[in-house]
Each structure stands twice: as structure tokens, then as C-alpha cells.
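Heads up, the next two complexes both have chain A, just with different partners, chain B and then chain C.
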Partner chain A sequence: MADERIGVYICHCGTNIAGTVDVEKVAQRIAGLPNVVLAKDYKYMCSEPGQAMIKQDIRDRKLNRVIVASCSPRMHEPTFRKAAQEAGLNPYLVEMANIREQCSWVHMKEPEKATVKAIALVAAAVAKSVFDEPLQMREVPVTPAALVIGGGIAGIQSSLDLADQGFKVHLVEKTPSIGGHMAQLDKTFPTLDCSACILTPKMVDISRHPNISLLAYSEVKAIDGYIGNFKARVLKKPRYVDESKCTGCGLCAEKCPVNVPSEFDLGLGTRKAIYVPFPQAVPLRYTIDRENCLYFKKNICRACEKFCTSGAIDFGQLPAEVELEVGAIIIATGYDLYDAGHKAEYGYGIYRNVINGLEFERLVNASGPTSGKVLRPSDGKAPRSVAFVQCVGSRDKNANLYCSRVCCMASLKQAHQIKEKFPGAEVSIFYIDMRCFGKGYEEFYERVQQEGVRFIRGRVGEILENPDDKNLVLRFEDTLLGEVAEREFDLAVLATGVIPRADTSELQSILKLSRGPDGFFLEAHPKLRPVETNIDGVFLGGAAQGPKDIPDAVAQAGAAASRAAVPLSMGKVELEGIIASVDEDLCSGCRICESVCEYGAIKMKEKSGKQVSSVIEVLCKGCGVCGSACPTKSIKMCHFTDDAILAQVKAVLRD
Partner chain B sequence: MSKLKIGFYWASTCGGCEVAVLDVNEKILDTLKVADIVFWPVVMDIKYKDIKAMGDKSVDICFFNGSIRNGENELLAKLLRKKSRILISFGSCACGGGVPGLANLHNRRTVFEKVYRESVSTKNLPGVIPRTCSEAKEGELTLPEFYDTVKTLDQVVNVDFYLPGCPPPVDLIAKVLQSFSSGTNPKKGSVLAPEISLCESCKREKGNKKIAKVKRFHETALDPKKCFLDQGIICMGPATRSGCGEPCLDANMPCTGCMGPIPGASDQGAAMIGALSSILGIENEKEKSENDMDQLVGEIKDPVGTFYKYTLPSSIINRRVK
Partner chain C sequence: MKDSKANRVPSWNLAKEVMSRGARIYPLEDLNTLYECVQCGTCVGSCPSGRRTALRIRSMIRGIQMGYREEVLDTNDLWSCTTCYTCQERCPRDVRVTEIVKIVRNIAFEEGRAKERHLVVANNFIKTGHTIPLNEEGKKTRVKLGLSPVPPTSLLFPEALAEIQEIMRTDGFYNKVIRDKK
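Presenting the complex of A and B:
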């Protein structure tokens, strides 16, 4: 390592750095370090002339290491790596010293100390660069197919977008039909379109699209591999109905003697033990609910089998496993509804006239259990007064801190529907803040105000039921009037929040994804990479990433599809050169690295009679956890070796 | 060919290393056929002046055990270095500082306070503390200076070879004597023990390492076939050099690390801390609070004594600073 020729470039970043740090002094001091051929300061290193200077020096002065002391490497490391590469230097021989975020910006009031620190930081980068080795990016081919998990509106949108671009799409849906929550809604805000009317044509498109293979009533069990080359194992649950024979005529359900509460109608209506969740289901194939079917329970009945004209009933059907090879994955698993039962003070689940927003949707829907009549569950009478209680389970430190983003508009729309159906009814919305931020939302809010809906600013403290008439007494503080009051209503609708799906953890561990503090899947960057995840090739569509209304879910799902299309259409992906490598002679096979790897990139293998660990290079993200965990130091983290880091520490501590 | 001249010295240590030399049993006789023991204070009467009288490099091999705790240890180390052709850092104390090296968590003043004044078994009413020089009826009496910091042998003199272990394994001692008498000298500066970790030679069944809780011996029934770490018991094996013959493991006790670090991982304690902290509580890590983590780590009793039992003076952070 005797012939390192290091060039050091200290950026002024306008006045961002030079306003605090004495950049000339830094350059002078660094120029005196061993192996440093030149140290220059310049106004904007990232500018075209700045880069040209580096390239020129690499050629003229035969530099074989370049240090750029400027901003965080996050933005400009690729810039300088590329410049070095253009001048014929391996990009991994470029080091950055962050003297802006980690120095000038945080020590603005102490210019002298900031200069000392900048010298130390640059000296550390110089010391480390001696240990840097040239590394290569790796290229892998991509399977031009995608897996979309979740068949709600987001998954539908992502699937159609990718399929229309010519990529094969496997859409996996857990329940018997696609459609998701959107299929349960009556009308959508603020345009009052019928939800099913705009959704079902898209569902039909899914079933007809030549590039889409729909795996409904199926679950993703395992995913292996990496961007471009994922292998997914999907379990097709038995419907006990041969999908290829079932015509969806419904005769079986007509003849089935078993009535059970319908999940689709949230238990407000019933379905049979052989059923489709709703009439427009896709695929329109019946499913036997094993738990409630008399044949499975008592070995009797078989009515469906007797009446099925196409012989589709197959009680002996077994779960089947399908293996899919895809290049990209979109997570569109959506959300669950907050269980209002957790807020005991509202009596949900105890008082029959306290319902949640989604139940209201089923009641007001023409194809719902009451054929669209909003009636009090306790006595079937039309309500004369309705209260909407906002932020149930949202913006609440005892439940979830975040805003669920859909409930304000949903309640406004539902209030409007009450006013439409019962013009004389008194409708009150109890709110903390009305959040009507989308296109046309504020106007809709205005409209509902005009319709005579009352808005009371304050969280409802308690709901009590009058045991005689089952009317509800809401106790609340009107914070605008500054008084505590009680008022009686016939019906209370809780605007329950949106929470991560109950099975989020399962999918998280299958894919090793990250989740935010709210429990939803975490995007790679909150602003600049909102649909990517920390796993290359895995994208987020819709409410799996956080609460979203339909327009946002569709937009996010479309964005996920277009991001997923990038590697799929490239046909190949480049992978980072900074990865871990194992010295098999030193490895003792203790398996610690295997346990700590977040990406499943370490597997044990047999090597001359002993078990040693090996890095699956395409899976390795270069995080370095295995390297620091390895007790024998047989795992070397390229670009961040122990020797290099110790040299950095020593350089920082030298003065 | 003239006989090899060998010597043994015992600095700051318990003396077990020299007992280990005797444990080679009758093989010592083979050695004596080719070597003369010219210097061994524990079995031979010899004075400083006798060593000083020896010619430079006149001792072929000197086995030096014990760490450098005081002025006398250092003086002898330097003297024996001068007189010896080959100086072997013998045993854990000479190589890494050993158990006496844990005194680096204290300094001279606090060690003396504890030993000569505070310890319940000490009766020292005038509160006398050793001094390098004191007046007595008979005249001036001197004692070697007691250092603040325990050092390893190679921190005061150049060392040719290392033979770690507490005590060094009999097999390895016999092998060393054999190889030097047959004239096949290993590479200078090398450790005269296998270049692999104990895990590699350990026969126990190894599973996926995810430790939910660190346990102490009395808290669990140890399965003699399973890896200790998999059972939640801290075993220094992953970060420790093999070659001991595994007597502890055979007795169903985990490795405490006496063979010192493995090549490439010079800070044995740090290597093990890195490994253990990576796998401790890793299951559902994200759901654990800082409190949970503190509690998990708190279950490791005497962390320095666990991870640096034999190597505190030779580690990167080799003593308490404040």
C-alpha cells in the first residue's frame, strides 16, 4: 500500500461550509498528510467545473484515491463516484467526508472548533481510503413478471397497470373474491359515485386480462430470492368447489340450509355455508365454508352437491401449493378497521345502536342487508337523530397517534346520506379538527354544512344507553362554547380509524420488511422514495403503507406499478458492490452471522468437512451486521474493514 | 550438537503455568536429553546476579509466564530478553494480561486501599501501605514499584512466540519442546496453537443463534450435547482460539476464553461483545423497548470479567480511564 496517491477536495458549498469552516486551512493541513498528493478547496465540488477538476487531476496527477469533503454522501456520493469512473478510477476508491451536516451546520457558532473537527473528519477519510479496494457492481437478470399481494383497489390498480405494460402479473388475494374494502362501500366522497359501479368493471378487467393470473382464496407462504429473481410459494386454499366447473349460478347457495353471519356485511346480514361474498365477486366461484358446512361438521346434507348442475362440488379438494417466479413484488394488503370495542366508553358491541362507519356503509347500501334502509339495529326504526363520533382510535394517545385520513370525509358523506334519506333528521358530527384536504373535499364540507349538519368541536367522553328506548346519550365537551353537555341521539356512528392488517407481521417476516412506529409498512424514503421499501424489488401500493382514501390508494398503487416496471423493463439490475465476504478457513461455523442477517443472505454450507457460512451475494445489502457480529472476524465487510475503521478512529483522535 | 539451554520465569501470575510444565510428565525426560534447564527459580536456587552474569543470548529458549504488574516483573522481562535467544510469552497472563490484568479496572491507590485497608480479613491497624523505600532499624528497605496498569509481556519487550492458555495445554507444551529440540522453528511472532476458533473444534450441536435471555448455570439444566450459546449460557468459544483440548467443555462448562483471541480478531472481548449483542434478544427485536434491552443486557453479570477475563491489558481499551 505504499503507492497511494490521494487527492483531497474540500467543498465550500457556497457559504454552507465555508461560512463556518476555514476551508483553506483544512486544505493546508490535509496537504501535509502522508500519501496526499494534493488538497484543494473549491466553491461547489458537485458543479460541472468541480467534477471536471477532479477528473483532470485523476488523469494528470495519477490519483488513485479521491476524497471529497462536502455534504452527506447520500446525495452526492453517486455523483463523485461517477466522475471518478469517467476518469478511469474505480468508483469505490472515492471517499466522502461529511463536513456539512456533521460539521458546519451543527457548529455554526464555533468556527474554530468546526475547522478543527473538519480537519479530523477529512484526515479520517484519508486514513480510511488507504484501505479501500476497487469493487465491482454486479448485474443480474430479471424475470419479467410481478407478484401483487392483495386484491383491493390498490392491488387491482397495480396489477392492471403492470399487465397493460405487457408484464405477467400474479395477483394473490386471501379472501374468496377481490374487491377489498372498496367493494363494501356504498358511495364515495366527494363525488358520490357508487363505489361498486366504479370498482366492479376493474375487477372484471382483472379476470379477463390475458397477462393476469388471479389466485383468489390464496395466501403467500414464503418468498425467497432477490430483486429480479424472487420465488414465491403460494397456498391455494380449498374452496371444495372446482373453479373450472363452477358457473357461479348460485343454485347451491339457494339450496344450502345453513345461514351464518356474512363477513362482507360485517355480521349485519347472513350468507350460506356455500357462498360468494357479494354478487359481483371476482372470480364468481362459490366457496364452502368448512367451519359451518353440515357435511364437514356432521357428515350429512350434501345438498349443494346434489343440486349442482355442473358437478363442481368437490368435498375432497386439498390445499394446493403454487410456486411463482417473479422479478418484482407489490404489497397491496390494505388495512384493518380499528376495533371500536377497545374504547369501552363508547359502548360499541354492547349498545346495539352504536355502529361503526363501515357498518353504516353496509346499511346504506342498496345491496346490503337492509336493502339500503338505514334503520336502528335495536328496533328497525328510522333514526330521527344521528351522531357521528370522529377520531375513534385515531389521534388518540391511548390508541393510535396518527390521523386515519379518511374518516372526516367518510362521516361527511354519511351525514349527507342521512340528510338525503331523512331530511328532517338531526345530524351532528363531533370532531377534533375537520380534515378535508383533497381535491373537492373542502367544497363537499361546505355543502354538508349548508345541508344543516351540526358540527360540534370536541371529543365525546362517553356514550350511555337509555335501557328503555335504547336511545343514546352522548356526554361531550363543546370546546368552542367551553361547556360540558349531554345530548340524546337515536343512532351513533363511530368513525373508526384505519390500522395495519392483523397479518402484517407475517408478511413482514416473510419479506423482512421494515415497519414504521404506526405499524404500517415503511417506505424507503418518506419523500423521495414513497413506494419503495428497504428490500430492492419490493414496492408498496395503497393503504399497506399508511391510511389512504381511494384516490390516494390508486395513485400510490399506480406509482408502485411504475416503479416495479423499471427493473422489469430493464431486464437486468445492478447490485451494490459493497458486500460481505467470508474467509472460509477462519470461519468456525458458529452460525451467529446467519441469525443476525436481516436479508437471509447468509447460508451455511459444507466446505472440506466443516460447516462454514457463505454470503449469497445478490441478497447481501452490505449492511455490515454480520461483519461486526462475527467473533472470528472471518467475515470481511468490503469497504468497511475493521482495519479501515480503526485507522479512521485513530486519525480522528490524533490531535 | 550442544544441548539447548532453556529457562522458565514466573512474573505476576498464580504459578499454574509452571505446574503445567511438570504435567508433561515423563516427556520432560525426553526434553532433558536435548536440553539443559539453566534457570528456573521455582525449582532451582538462583539469584539476580547469576542471571546478570549469563552471556547475552546464552539462553536458547526462555518461557516467561505472568503479566507485568510491578518494577521487578519488568526488570526481569528486560533482563531475560537480553539473555535469551528466543523469548516465549507463556500462558494467558503473559500473553493477554490474564486474571491479574482485571486490576486495570482499578489503579494502585484503590488496589492498595482494598488489599491493605478495606478487606475484612486484613488486620492492619496503622494502615501501612507498601512503599518502594522505607527506613528500618536495619537500614533502608526497598520494594519493587507497583504499577497503576498491568501490562502484557509484549508491551514491555519484544516477544518471539506466544503460547497461551490458563495454564498452557500440556499437549502444546510438549509439542513446542519437541519442535524446538528438533530444530524446526515456527514463524517468528506466531502463536503456538491452532489458528482456528474453539467453535470449530467443538463437537456440540450448533443451532440457529437467537438468544432470548442470558442464563447463569444454576438457572438451567445444561444439555451436554448442545451449544452453550444456544442454551443461553455465555460461552467465549466463538471468539477464542482452539487448542486447549476442551477440558471445560468436556466437564459441561462453557469456555471462558483462556486461549485468547483468534488471528484477525485481536480484541477478544470486543469480538464476543459484538457477537453476543447481535444475537441477544434478536427475536421480535423491534417490539422491544429500551427498558427490555437494558434488562437483557443487565442479565450479563460482571461483563468485563466475562468478556475480558484474560485479555483486558491487551485489548483496545485496556484500562479504566476515570
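Presenting the complex of A and C:
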């Protein structure tokens, strides 16, 4: 290994590093190490002249290893790899030593020790680089199609954006119709446009788009593969109605004798056992609810079948499995509402006149169970006083610590609607902080204040019910006055928070995605890669990533489509060259590597009469788990061999 | 700006004192939530005492956060808490409200700031082993309920009372109450 010619570059990062670490001293010390041809320090290595210096040295000084001691490789490893490549050096012969995050930032008050540590880290990188071998990126083709999971406003937006760009889109929706939560809302803040009026045209676009294939009432069961080449298995649940024959005329539902609580109306209204969730459903195809259908329960009735003029009823329909090949996947699975029943002190689920915000939306909606009349559930009377209770299940360590971001505006809008319908009603919003941060939101807050809605700064302690008239007594402190009060209201609306969907874990294990401490799917970088995930080719749209209102969900979904379009339009992708490789002669076939691989990248194969493991290169992420788990040391991690890591350790311990 | 209140300078000293003092009994990481109070008012809205007394437990937590030691330790409200724990149960920031009340009371007590009514109760405890003494009416009620007139506690067993008093002497409670009560 005598012919290694190593160039070392110590970055000042302005004063970020040089303000603490003695960069000149580091360069001097490193210059004396074996194989080091040059060691320089420079103000900004990532700048144009910094990169040019590296390229120049590679050419002039015949460098065949480059060490950059600067920030985290997450920031600039691609920058320096590319620079090396442009000068004709294999990018995997570039090593980085992180002397910013690991030295100057964490040891800001101990400059001398930080310098000693920086020397050790750079020396370790020098020692390791000797073992680095040139590796190749692997290029794979991309299927120009996308899978979008979830048919709420986010999934609809992502699908339309990708389809309009000419890509085939498979939109999978779990329930009988697309539309999601937005279809359940009445008016939207702060503009007060009718939710259905702005949503349904997009739903219709989905059904008409030549590039979109809609798989409603379907669930993703399994996904294999990798960016550019995913294979998804989707289960189409039986509607017991032939989608190709059903015209959506609704005669079946009219004749169906069974009434059950409607999920769409959150149990405030009813639907039939054969139903569409709401009149503008897409696809407008009826579905038989097997649990409640008299034919399935008691082998009687069949009224729908008798009256269906197109012969669409098919009691014998079976679940069907569809296999899809796609290059990218967008997760747009949305959110669930926090169950206010967990906050026993508020009596939700016990006191009938305590409802949640989404229930209010159904009550105030003209197509809802009360035809848009806001009436008290206990006696059907118009409320003369309404309390909105904020932060139920949000900003609460006993529930969810995060802010749900939509409830302040939702309650403002609902308070406005009460005032619009009952100008004389006493409306109070109980809040900790009013968070009206979006465009036009503060202005809407002001408008609602003008309308005479009362704002009481104090989180409600408890709600009691007067057993006689079912009125509610709220106990609270007006913290701005320091006064304790009990006040009676006809109706209380709990602004329940937004939580990850109950089936998040299922999808997480299907795709091996990461989740944040809040339970939502985790983006690859909170600022710079907000719609990407830890899995290449899988993107996040809408509230699956965290609570979002409609404008934010649409923006994020559009961003996800735009990011997904990158590999789809490139037609090919490059995969990382750092992967595992198996020495088949040493492998004992114990399969431990197979069981620890998070990415399903190891499979067994036969080799001269015995089972040995082999790496599916395109799936391998180079994480190294298999290598460290292998009891016979037959798995080698390229770029991180045992020899290289031990050389690093020795270099650190030398002084 | 002559008002002394207007010139007060906030400090974390009282919060730190409360926490280091409380750490003898409660885990410090639990008490640390004191820093997280957002003054939402859930505690006061839930407080059974605050409905009848001037206790605004939220204000007391605020006073501790601001370091207003005299005000926090000298107020009568400190002694109005029933330690029912409802505030602590409901606090969205998991502030150990009730435990903090107990800690502050201990500090106040040590400094001889316990209020007269509390010392009366403490004195009862020293004399009888009970905070509320058993009077003739109490005895009658017990008999009516089919109980012995005097319960089988320190009231019935003077040697047990002596042991309790020994404990109170050892930990300094006894002398403190006698001294403060004068």
C-alpha cells in the first residue's frame, strides 16, 4: 500500500470550526503522517474555489485519496465526491472527518481538547482511506408509474399532479369513496368556501383522468422492491356490486330495509346496508355492508337484487388481488381524530351535548343528518350558548404533546357559523393560545372577534351535566383575570386533535418506513427533504407526515408528486455503491443475516450443495447490520471493512 | 416605578430551591416539568379549593417560576390546597403541582412561616396523634355507628402516642411547632 497519495483539506467553515479548533495545527500534524502528500486548511472547502483546489491537486499532485475535514458527511459528502469524480477520482476514495458537529460545536468551550480530537478524527480518516477501494454506483431502470396510497385531498392532489405530467397513477383508497376528511367538512377556513364545492371537481377529475386508475375499497397488502421498481399487492375488497354494471342510481338503497349508523356522519345519521357514503362519492358505485345485510346475516331479503335494473348485485363476489408495478410511491393516508373519550373530565361519549369538531361539521352541513341545522343532540333544540374547548388531546403530555395546527382555525370558523345562524347566541372559545399563523388566518380571528365571539384564556378544567335539562356546566379559570368560574352552555364542542391513523403501523411495516416520536411518518430531513422518507422512492403527502390543514396538505402533496416525478422522468436511478458482499465459501448458511436485514436484501441460494446467503444488490442499503451479525465473518461491508475500521480505531488511540 | 413590584427582577433561584428540596422525595426529572408550565389554567379550573378560597394554584406556580420567594412563601393560599391531586392529574404539561405545594409548605414551615391555623392542627397531631381531635360529639357518633367510642389508635394506646411523639422529636417537627406556636 505504498502508492497511496493522500490529500487532506481542513475546512474553517468560517468561524464555525476555526473559531474553536486550531485548524493550522491540525494541518501541520496531519501533514507528517505517512502517505499524506499535502494537508491544507481553507476558509470554506465547499465553496467553488475550495472544490477547485481539490480538483487541481488531484490532477497536479496525482492524489488518489482525498480527506475533507469539515461538517457532517450528510451535508457535503455528495459535494466532495462529485468534485473528486470531476477530476477523475473514484468518488468512494473521498473520506470525510466531521470536525464541526463532533468537535467545534460540542466542545466550544474547550478549544484545546477540540483540537486534539480533530487531529485524532482526521488521522483516523487518513488511516481508513488507505483501505478504501473504488466502488461503482449501480444504475437501474424506473417504471414510469406511481402508487398513491390514500384518496383524501392529499392523495387526490398527488395523483392529479403526476397524471397530468403523463405518468400512470394507481390511486388506492381503503373506503368505498375517495374524498377523505375534506368531504366531511362543511365550510373551509378562512375563506368560507364550501368544502364539497372545491373538492368534488377534483374527485371527478380523478375518475375521468386517462392516466389514473382508481382502486377504491382496496387495501395495500404488500410492497416489495426498491426505487424505480416496486411491486405492490393490492386487495380489492368485494362490494357485492359489479362496478362495471352499477349506474349509481340509488334504487337499491331506497329499497333496502336496513338502517345502520353512517360512518360518514360519525353515527349522527343513518345509511342503508347497501350504500354510498355520500351523494358525490367517487366512484359512484354502491357497496353492500356484509355485516348488516339481511341476505348475509339471515339469507333473506335480496331486495336490492330484485330492484336493480342493471343486474349489478353480485352476492357471490370474491376479494380480488391486483399486482402493480410502480417506480415511486406516495403515502397520503391522512390522520385520525383523537378520541375525546380519553379525557374523562370532559364527558365526551357520556354527556350527549358534548360533541367533537368533526361532528359539528356534519351537523352544520346542508347534506348532513340535520340538513345543516345545528341542533343539540339531547333534545333537537337550537343552542343559545355554545362553548368551544381547545386543545383536547393536543399540547398535552397525557395525550399528544404536539399542536394539532388546525383546531384554532376550525373552532373560529365554527364559532362564526354559530353566530351566522344564531346571531343572539353566546359563543365562547376557551383557549391556551390562539394560533392563527396561516395566510388570512389572523384576519379571520379579528373578524370573529368583531362578530362578538367571546375568547376566554383558560383551558377548561371539567364539564358537568345538569341531569334535568342536559345543559353543560364548564368549570374553568379566566386566567387573564385570575377568576374561577362555572358557566352553563347548551352545547360544548371539543376541538379534538389530529393523531396518526390507527393503521399507520401496518403500512409502516409493509414499507419499512420510520416514524417520529409523534407517531406520524418521518420525513428524511425536517427542512431540506420534507416529503422524502428514509426509503428511496417513497414520498409523503399531506397529514400522514403530521397535522396539516387543507392548504398545507395540498402543498405538501404537490411537493411529493413533484419529488416523485424526478426518478419517474429520469427513467433510471443510481443506487449507492456501498453494499454488503458474501464470501460464499465461508458462509455457513445460518440465515442470521437474513433475519436481521431490515430491507429484505438477503436471500438464500444454493452453492455446491449447501445453502449460502446472497445480497440482492439493488435492495441493499449498506447499513452493515448483516456484517456485524455474521458469526463466521463471511459478510464484507464494502467501504467499511473490519480492517478499515480497526485502522481508524488504532489511529484515534495512537496519541 | 416606585412600586416595589414593578422593580422586581425575576430569577430561577426559587424554582431551583423547590426542585433541589423536593428531590429528596420526588424524582428530579418529574419536578423539572415546573419549567414547562404554560399558565393554561387547567389546574385552577379543576381546583375544588379555588372555588371557595383565593387559591390560584396557577399563580403560585408562576410566582415560583419568577422567583418571587416572599410572595409565594407568605401567602395564606399556600395552606388552602387540599392536596386532592386533581390539578396534577389534569395538567397538560405534567407539572407536579400538588407535590410542589407540599415542597413549598415544607420550606415555609421550616422558616417558621406556617399560618396559625396550621399550627393548631400540628399541635393537635403532637398531642393526640390525630390532626382532628376526638370530642364528645364524635364519640357519640361513633357509638351510633356501632363503633367503639374511642378508635384503636394512639388515642387508645398511649405507648403508641409516645412512639409517634418520639419520631416527631427526632425529626424536629415537635420543637418547631412548639416554638412557632409560642
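Simple rule for what comes next: the second predicted complex is superposed on the first by the 653 of 655 C-alpha atoms of A that agree within 3 Å, B and C clash if a C-alpha of one lies under 4 Å from a C-alpha of the other, contacts with A are read in each partner's own complex, and residues count from 1 in each chain.
Keep this in mind: a contact is a pair of C-beta atoms (placed from the backbone, for glycine too) under 8 Å apart; a residue touches a chain by one contact, two chains touch by 3 or more.
Just so it is clear, the model here is predicted, and its values are computed rather than measured.
Visitor: Using the superposition on chain A described above, determine whether A:541 touches chain B (first), chain C (second), both, or neither.
Guide: So A:541 meets neither chain B nor chain C here.
Visitor: Look at A:398 in the shared chain and tell me whether it touches chain B only, chain C only, both, or neither; answer first, second, both or neither.
Guide: Only chain C; A:398 stays clear of chain B.
Visitor: What is the contact status of A:476 with respect to chain B (first) and chain C (second): first, second, both, or neither?
Guide: In the superposition, A:476 contacts chain C only.
Visitor: Quick check on the superposed pair: does A:368 touch chain B, chain C, both, or neither? Answer first, second, both or neither.
Guide: neither
Visitor: When the two structures are overlaid on chain A, which partner does A:180 contact: first (chain B), second (chain C), both, or neither?
Guide: A:180 contacts neither chain B nor chain C.
Visitor: Using the superposition on A, tell me which residues of chain A are in contact with chain B and, in the other complex, with chain C.
Guide: Comparing the two interfaces on chain A, one with chain B and one with chain C, no residues are shared.
Visitor: Spell out the residues on chain A that touch chain C in their complex, using ranges where they run on.
Guide: 345, 391, 395-399, 432-433, 457-462, 475-479, 482, 484, 486
Visitor: Could you list, by residue number, the parts of chain C that touch chain A in their complex?
Guide: Where chain C meets chain A, its residues are 33, 38-47, 50-51, 56, 58-59, 90, 92-94.
Visitor: Would you mind writing out the residues of chain B in touch with chain A in their complex?
Guide: So the residues of chain B in touch with chain A come to 195-200, 206-210, 229, 237-239, 262-265, 271-272, 274-275, 278-279, 282, 286, 316.
Visitor: In their complex, what parts of chain A are in touch with chain B?
Guide: For chain A paired with chain B, touching residues are 515, 583, 586-592, 594-596, 610-611, 625, 628-634, 646.
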